[in-house]
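In the two complexes below, chain A is the common chain; its partner is chain B in one and chain C in the other.
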Partner chain A sequence: MARFAVRRIANMIFVLFAISVLTFLIFYKIPGGDPVLRISGRTAEPAVREQVREDFGFNDPVYVQYARMMQKTLNGSLESYSNRVNVREELIRGIPATASLVIGAAIIWLFFGILFGVLSAVYAGRFPDRVITIVALIGISLPIFWVGALLLYYLTYKVSLFPAGGYVPLTEDPASWLSHLILPWFCLSILFIGFYSRLLRSNMLDVMNEDYVRTARAKGLSERRVLLGHVMRNALIPIVTLFGLDFGAAIGGGAILTESVFGLQGVGQYVAESIGSLDLPPILGTTLYAAFLIVLLSAIVDIVYARLDPRVRLTA
Partner chain B sequence: MSAPLLSVSDLHVSFATEEGTVKAVDGVSFELDAGEILAIVGESGSGKSVTALTLMGLSRGPNAAIEGAVRLGDKDLVTASDDEMRRIRGERIAMVFQDPMTAMNPVYKVGDQIVEEIRAHEDTSKEDARRRAVEALRSVGIPNPERRYDNYPHEFSGGMRQRAMIALALALEPDVLIADEPTTALDVTIQAQILRLLEQLNQERGLAVILITHDLGVVAEVSDRSLVMYAGRVVEEGTLDDIFYDPQHPYTWGLLGSLTRLDRPRPRHLPSIPGAPPSLIAPPEGCHFRPRCPHEFAKCVKVPPLESRLAEHPDHCDRCWLEPEVKRERRVVEGRIGLVAGAE
Partner chain C sequence: MPDASAEYSIDPAQPAEEIGPQEVGTAGMGPWRLAMRRLRRNKVALAFLALFFVIVGACMAAPLYSKYVADIGPNKNNLTGKVERGGKQVDIVTPDGTPVGPGLSNRYLLGADANGRDVAVRLLYGGRNSLFIGFTAALITTLFAVSLGLMAGYSRGVPDTLIRSTFDILWSFPVLLFAIALGTALAIGGLNLGPIHIEGGSLWIPTLVIGLVYIPYLGRPVRGQVLALREREFVQAAEAQGMGTLRIMFGEILPNIASTILVFSTLIIANNILTEAALSFLGAGVQPPNPSWGTLIAQGVDRLVTAPHLAIVPGIAIVLTVLSLNVFGDGLRDALDPRAKLRLR
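Let's look at the complex of A and B:
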């Protein structure tokens, strides 16, 4: 376990380093990404621009610029080029909204994903399975921005059931927090419910054909016990991996569409705005934040996986 | 004579598939006495495994049609409810499967899998069930059963896993053990150990065993009586001596002819039965072996009944229309029993 932790942490540092270099280079080279324009404004005199270029060190070699930016990233003084807002503060400001959205949605998508997956597998080929399959495929196919817009139009504009976007902290007003999040939760879960139920269905059907399930029946266990103790127990293992990575990506700012459609002002929306304005410091900050969460969660997934499947040994 | 422990009469099992109805078991009847080892021999698709699963109530399903009777004591296992069948499984009739590598759930400890079975049938404490599971592991020759209890299946070798499967099957002391190709996935020395173990359990506990196999060598090792199955039907039934020294059905000759023997000169080519087993959706009319049989004649289009054609051996039955004298003459190929000569 200690060996695993050490190797995994070394691994993590390397991955984050590689991602930071790649992100830096991509947005350093990208056409129209010149930071001078963002700092000095588009109408500035050429002399002013030159001054800015010199003052901010944009004439230095690339690696010096990279090192300077990473130093700022690590000590928390990284600032946006376009509005001089501190990246770390902005990220921290967005985390509660993103966490509320993603944790809530994750509970919903896991619950319904598993429920529909099990029903679908148990009734494979019969009516409930067919209905769930169609619903799941619709869920997978619907674009979030379209569902979101539709929900906002009908449930907030036509009938004022829910507030029209925005985020209210839980500590401020729990009821309002809930009413602001219901539609985003629904929207973000639909896609995942579709994926998870399809995946669990096929996993369960595979496991049902395993010899050990036949053994479980031959032991005289009840159907319920066979299903829960033997089929589900094994079919859920791959779901754990998928969930860890999906959850990490979404909480790392991957729920861009949902956050933007509902104006949640979370990490995802911050990511979208930064990329929209080609603003390198926040892009780098949010990318590293997301990468960190994904790498961390995949390590957690590996640990959980080894707990769930005794054949797996932890070797990073 | 006392009533047999288990009696199967005119069992038919068919499965509806997209291509048509597969008649997997087509009128199988046999009896099993307490303390007997009965071998069911046949190739893949002969219906031997489906017969076994049907005895366990495990071939039931929306696409399966099961007819006939399987009597265990005063219970008919064909008409028993699912819940009755669930209680009978493990408690009165248990099964060991072919591949011990995949027959145990990889995520549970071996001992816990036995405890799970005990506690599914009996309202007993965890401690008591654990003690009995350890005893079951000990009784099948697993060394250090207290320690091995806490191992996972992948920490057992193949032979040990098959022993553990037998321990699992016998934990509730059933009357009948069905062993479906229990040695096929094991290497030869381990095969012999597992067969010895089955024999020992049979002798010490009076356990009745149905041994399903395609390997006549396995049959010769342990069985008292054998059924030879072909395409869903029993084609010959008799004692070990009957089957090996006086086989009456050409299919049995073919099986015996394709054995290699260490005490005979090595043939240049191994004789095999020409052709392939028939489709079970549209099997040939009459004798199912007819299309592959060099001794076919006009009468074979009618199904031969399974009956004794030997006055001196009323328990040696077969499904072939030929006269016993003709059979004894025709079954000798290259100086030994066989169906066809080894191809050059």
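Let's look at the complex of A and C:
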């Protein structure tokens, strides 16, 4: 376990370092990404620009600039080029909206994904399975931003069932918080429900053919106990892995489309807007934040995996 | 599927007593023929494959439709013209800027957009671009993922470490975020990489970006399978016979992972079409005035109130295309290997 932890942490640091370099280089190299224009404004005098260039150290070698930016990232003083807002504060401001969206949606998609997957496997080949299969396949074929936009149009503009986007903090008004989040939750979970139910169905069908399930039936366990204690326990393991990674990516700002369509002003929308204005510091900060969550959750997933399946040994 | 269990009993790996060694060629069916037989019985999958071909065919015929039916090019504005709707001539775009909706006529079958362009024509041309990106990006992903995965899994050692770390790094970016970042950066400046020069507005930018970001999603499972396969007896036998590394990799190991690759490639085309739409929606994909299903939706979403058909029509095109590929891919997976598992978003 200790060796696993050490190697895993070393690996995490390496991956995060590589990601920071990659992100920095992508946005450092692009034409039109010149930070001086963002700081001094497009109409500034050439002399002012040169002064800014010198003051901010944009004449230094690339690796010096990279090191300086990473130092600021780590001590939390990183600021946007275009509006001088602190990146960490902006990120923290976005977290409640993103967390509300992702945690709520995750509960929904896990519940329905597992429910549909189990029903589909238990009734494999019969009517419920066919219906669920069709629904799941349609679910994974929908462009979610399109669904979101249509839902907003029909359910808020045509029929005023829901508020027209935006985010209200839970602490401010719980009812309003809920009504603002129902459509985004639905949108974000559709895709995952489709994937999880398909995956769980095929896992369960695999496990049902295992010898230990036959043994369990042969020794007279009830169908319910066979299903819950033997089949589900094993079939859910891959779902745990998948869920860890999906959850990490979404809470790290991967729910860009849902957040943008519904104007939730979360981490994902912040990333999208920063990329749109080619503002390197927030892009770097948020990318690292997202990557950190993904790497962290995949390490947690491995530990949980080893707990759930004693055959698995932890080797990083 | 009542006959499914009977199907599995014809397992090529099972030693069948009644088949003598000299009869194997005729009586035993290879796994590919068995898969074909299972697939032919799956009428739903075949119907959706047919639907997919109809969509591809229609998009291929876009210039014909544009020339002989709609009589207007994909980027041709027509703000002052009239079109027949229910026996009356109506403005294609009304003076207050509302475009005409769908109606039964050769011209403007699916309505017009705010510039008076024919939505049906733009839909077909956009489909060509979306499908091109979907296919080509899938090809790029598959080529790179398979060769890198084979190389890493078979050679182990240093190449494996390098390739695996690269996969790990790409994997740790949220995939959409990475694609948007790359897409935006390249759409502005274009790509200048040694001898390769690509203009900023080119279709190749989103194609390459989408092709690149999904490489680890196939590369990692391929590497894993190759790692396991290379310890098997048939590989040792091939090595003992003095076969070259490349021949073992592509001639001995590759056929064993071909079904995984085939299923993944089908599903990744569907996924790529969705990714293209998402990138274009966020301005990081296909650049206007080039139409694609994603850009059409993006433009339509802004006008949902006055002209909902602008967003609904291309959205339905995407759903039908992606659904047809997903249903067929699902059937293909069942046919090839009822136990295959793939992780794909």
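As a convention for this text, the second predicted complex is superposed on the first by the 316 of 316 C-alpha atoms of A that agree within 3 Å, B and C clash if a C-alpha of one lies under 4 Å from a C-alpha of the other, contacts with A are read in each partner's own complex, and residues count from 1 in each chain.
As a working rule, a residue touches a chain if its C-beta (ideal position, glycine included) is under 8 Å from a C-beta of that chain, and two chains touch if they have at least 3 such contacts.
Just so it is clear, the model here is predicted, and its values are computed rather than measured.
Peer 1: Is A:I283 touching the first partner chain B, the second partner chain C, both, or neither of them?
Peer 2: The answer is second: A:I283 touches chain C but not chain B.
Peer 1: A:L142 contacts which: chain B (first), chain C (second), both, neither?
Peer 2: second
Peer 1: Using the touch definition from the top, say if A:I9 reaches chain B (first), chain C (second), both or neither.
Peer 2: In the superposed model, A:I9 contacts neither chain B nor chain C.
Peer 1: More residues of chain A are touched by which partner: chain B or chain C?
Peer 2: Greater contact footprint in residues on chain A: C.
Peer 1: Which partner does A:V271 reach: the first (chain B), the second (chain C), both, or neither?
Peer 2: A:V271 contacts chain C only, not chain B.
Peer 1: Once the shared chain is lined up, is A:Y157 touching chain B (first), chain C (second), both, or neither of them?
Peer 2: After superposition on chain A, A:Y157 lies in contact with chain C alone.
Peer 1: In the superposed arrangement, which partner chain does A:L74 touch: chain B (first), chain C (second), both, or neither?
Peer 2: Once the two structures are laid over each other on A, A:L74 reaches no partner at all.
Peer 1: Taking the superposition on A as described, I'd like to know which of chain B and chain C A:D206 touches: first, second, both or neither.
Peer 2: Once the two structures are laid over each other on A, A:D206 reaches chain C alone.
Peer 1: Once bound in the complex, which stretches of chain B touch chain A?
Peer 2: Chain B residues touching chain A: 56, 58, 86-91, 94-95, 97, 99, 102-107, 113, 116-117, 120-121, 152, 154, 165, 168-169.
Peer 1: Which part of chain C faces chain A closely enough to touch in the complex?
Peer 2: 1-2, 4, 165, 168-169, 171-177, 180-182, 184-186, 188-189, 270, 274, 277-278, 281-284, 294, 297, 301, 304-305, 308, 311-312, 315, 318-319, 322-323, 326-327, 330, 338-339, 341, 343, 345
Peer 1: Enumerate the contact residues on chain A facing chain B in the complex.
Peer 2: 210-212, 214-222, 225, 229-230, 233-234, 237, 308-311
Peer 1: What residues on chain A touch chain C, complex-wise?
Peer 2: Residues of chain A touching chain C: 11, 14-16, 18-19, 22-23, 26-27, 29-33, 125, 133, 137-138, 140-143, 145-146, 149-150, 153, 157, 191, 195, 198-199, 202-203, 205-206, 238, 242, 246, 249, 252-254, 256-257, 260, 268, 271-272, 275-276, 278, 283, 287, 290-291, 294-295, 298.
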